[in-house]
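This is the structure I want to talk about, given as structure tokens.
In order of appearance the chains are A, B and C, and numbering begins at 1 in each one.
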Amino acid sequence: MLKFTLRRIWQMIPTLFVVALLIFVIFSVVPGSFATALFSDGRTNADPLLIERLNREFGLDRPLWERFTTYIWDLARFDLGTSFRTRLPVLDMLGERMWPSLKLAIAAMVFAVLIGVPLGFMAALRPGSLFDSVTMIGAVSGLSLPQFWLGLLLMMLFALQLNWLPSFGYGDGSIRNLILPAIALGVTPLALLARTTRAGVLDVVNSDFVRTAHAKGMSESAVVRRHVARNALVLIVTTVGLQFGSLIGQAVVIEKLFAWPGIGSLLVDSVAIRDIPVVQGAILVIVLWFLVINTAVDLLYAAIDPRIKQE
Amino acid sequence: MSAPLIEIKDLKVDVPLKSGKGVPILKGVSLQIMPGETFGLVGESGSGKSVTSLAIMGLLKKPLKATGGQILYRGEDLLKASKQTMRNLRGNRIAMIFQEPMTALNPLQTVGRQIAEMFVLHQGKAWGEAEKLAIEALAAVKVPSPERRAGNYPHQMSGGLRQRVMIAMALACNPDLLIADEPTTALDVTVQAEVLKLIRELCAARGTAVLFISHDLGVIASVCQRVGVMYSGVLVEENDTRALFSNPQHTYTKGLLGALPRLGSRTSDSRNRLVDIDSIIADRSVLTQERFIAPRITEGGAAQ
Amino acid sequence: MRLGFNLWFGGFLTVLVVFAGLFAPWLAPFDPVLDANLMNSELPPSGEFWFGTDSQGRDIYTRILYGAQISLTVGIVSQIINSVIGVTLGMTAGYWGGWWDDLVNGLTNVMLAIPSLIFALAVMAVLGPGLPSLLIALGFTNWSWTCRIARSSTLSLKSQGYIQAAQTLGYSDLRIMFTQILPNMLGPILVMATLGMGGAVLAEASLSFLGLGIQPPFPSWGSMLTDAREMLQLAPWAAIFPGLAIFLAVLGFNLLGDGLRDSLDPHMRTRKL
């Protein structure tokens, strides 16, 4: 198991390196200098001396390969550079935003799992029933629902009309501020989970070993509890993991809508003011997060399913 | 003659249609199995062998529905028995092993635990004791080093071993009847013989009756005392194994036996051909029209 | 029964969106950009303004019809680009194998590791807002699944008799790929593209909502919602109708994709929705 774990962690590194390279290339091939973009307001041209000084300060005047080696070397030492705009270390800026993002993602996922998995499970146990049809139509609708529109509607209803919950902001970090963005963000993984849970359970229910379990004389509920649930869990865990990993990416729009001080809103704000080191750093953190969760899911998967470790 | 263990009387199984009528799958099957007897059920795919066995187990799946007749176990009609009664019988008094040992075991549980579950379910044992009994059960089916094997997952075992595990599981509670649905079809020929021998020996020793389902006449001949031949949802003939093989009465049985290759039966000059029963199972429309036998059988060896 | 419903209802919604986009100039009572009149701002739905007006006094119904043009353009063009990239890479990787296959595989894995919205955001950050940037951002970032499917179908097709027959006949690799392999995997690719349309429409709306996509005053459904956010309490209709348009369009593509998949692959019918 330890060897398996180490191997999975080792496998992340090349992907991460290529992503870093890709991000660097994307942000380096752009015509025009960032310093220019940073200081031109569209009407007057920025002072050339100022631009030159900035270029020198951020090392933008050096050749591309040199900049890349510095960039990778800095990355290896967990140095993500300095923000063009605030002059603060990017790592610190991201660190501050990490917890709110994490909190939102966890809340959304808990919401999705608590509702989506039971729905899918119950639908699979009564395939073709009205409940099943309604759940599945609900699921495809949930997948088609723009999260930020749902967010707006929730805001309209629960914050502005009913005045039950704050309409946006982090507040003092209380759960009241978390509810609306978590629901808006959670609706997509919820719908997906309901669908995959149903498909997974249906697969298991129709499998031979469940027939064996029935032939043993077990009650319906014992079969579900002892044989169906754990086997279906394999697929559910995978989906939960994949969704959790991509949630921080999906959260960008929701964070912006609810003025939530997470990585996503920092990314959007930085894109708008072309604060490239922050943009690069935020994207790297999001990708790293995705890879870490995926690796964790693989490990969990191996813990549930004895067949995996053998490969 | 003692009372039969299982008596099936005029069993009808349909796939109900919306119109109220149904597509008949079993069209009135009657047979008896005596205690300790090995009864063979033979027939081609789709003839209703497996449906018959699943009906006894009370495990008919959704579109299938028993619509008539009786299945008497020691005089009690299983079709009318409560769910609770059926659960107590299933696995405990009537056990079943399936064709596919590769998929019939839960991949995420050790085989020891899967066998132990039987003792927990039907004998009210605690898990610890049940797992010890499971090791004994594995030893009984001649699994080498049973203590170690009990901790294995199905994917760590060969097909033959898995089928032994299935047998150990099925015989765990000393059932009165073992239903073996093509237990050797998915196995290698050499393993087949061992598994057959195991079933025969264990059941003979414990006095367990066997309903042995197969499309392999050779296997049937070697293990069964009596044989029933099924075709298209009907039991067309039933007799002692020896009598049936030496003197088949029904045209379909004759056709079936004619299709059996025998060593040395076909020499280059006599050109005795194997009879072919043309095409596979009749389509639904034929089934519904009850014209289930006439056109497909050719008398004797002179096909075409 | 549900199979029919998916295709039928999904197709209906899709046709509705295409119809709205194509005939917007004839269906719309106003001009989406020029008919701004602050005297009419934030009017509720009425006989004259079916879905009400926005903060500039523009007719929301008109803007939704024209918004369909943008959504459709982004959806169709980005999926064409994605399919071409995915199929080309996947098919050649599966067919030729070797280092090229390894390279494509590695690239696909990297692309899958970056959430597509984030990738699109990065590209928009570099290229700046606007329709051409959107087409690039959404067209070049979502081909990984198509690529995987194309690769695996090529691998399974490659070993089939008729492909090997074509090889022995001396057909060129490209000819085999385009005349023998490609037609056999169009089904799943089409399904991916249809489902991808939904994703692209959603992504476009999200980016425009963030102010990084289509820029005002052009009528994108997403940017209409940005506008609506500022007057949620006063003019809820400005938030409801554009969002409903996004929802129904995406639902249409998703249902159509599901329906196509089910009808192309009957085995999947019992598994997925």
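Before moving on, here are some points about what is shown:
To be clear about the criterion, a residue touches a chain if its C-beta (ideal position, glycine included) is under 8 Å from a C-beta of that chain, and two chains touch if they have at least 3 such contacts.
Nothing here was measured: the structure is a model prediction, and the numbers come from that model.
Steps from subunit B to subunit C, minimised over paths through touching chains, total 2.
Interface comparison, A-C versus A-B: the higher number of contacting C-beta pairs is recorded for A-C. Subunit A and subunit B have Cα centroids lying 52 Å from one another. Chain centres here are Cα means. That of subunit A falls 21 Å from that of subunit C.
Counting partner chains per residue, subunit C has no residue touching two or more of them. Chain contact summary for the complex, subunit A toward subunit B: residues 207-209, 211-219, 222, 226-227, 230-231, 234, 304-307, 310. Across the interface of their complex, subunit A is touched by residues 57, 59, 86-92, 95-96, 98, 100, 103-109, 117-118, 121-122, 153, 155, 166, 169 of subunit B. Per the touch definition, subunit C reaches subunit A in the complex via residues 2, 106-107, 109-110, 113-118, 121-127, 198, 202, 205-206, 209-212, 225, 228-229, 232-233, 236, 239-240, 243, 246-247, 250-251, 254-255, 258, 270-273.
By the touch criterion given at the top, residues 14-15, 18-19, 22-23, 26-27, 29-30, 127, 133, 136, 139-141, 143-146, 148-149, 152-153, 155-156, 160, 195, 199, 202-203, 246, 248-250, 252-253, 256-257, 267-268, 271-272, 274, 276, 279, 283, 286-287, 290-291, 294 of subunit A touch subunit C in their complex.
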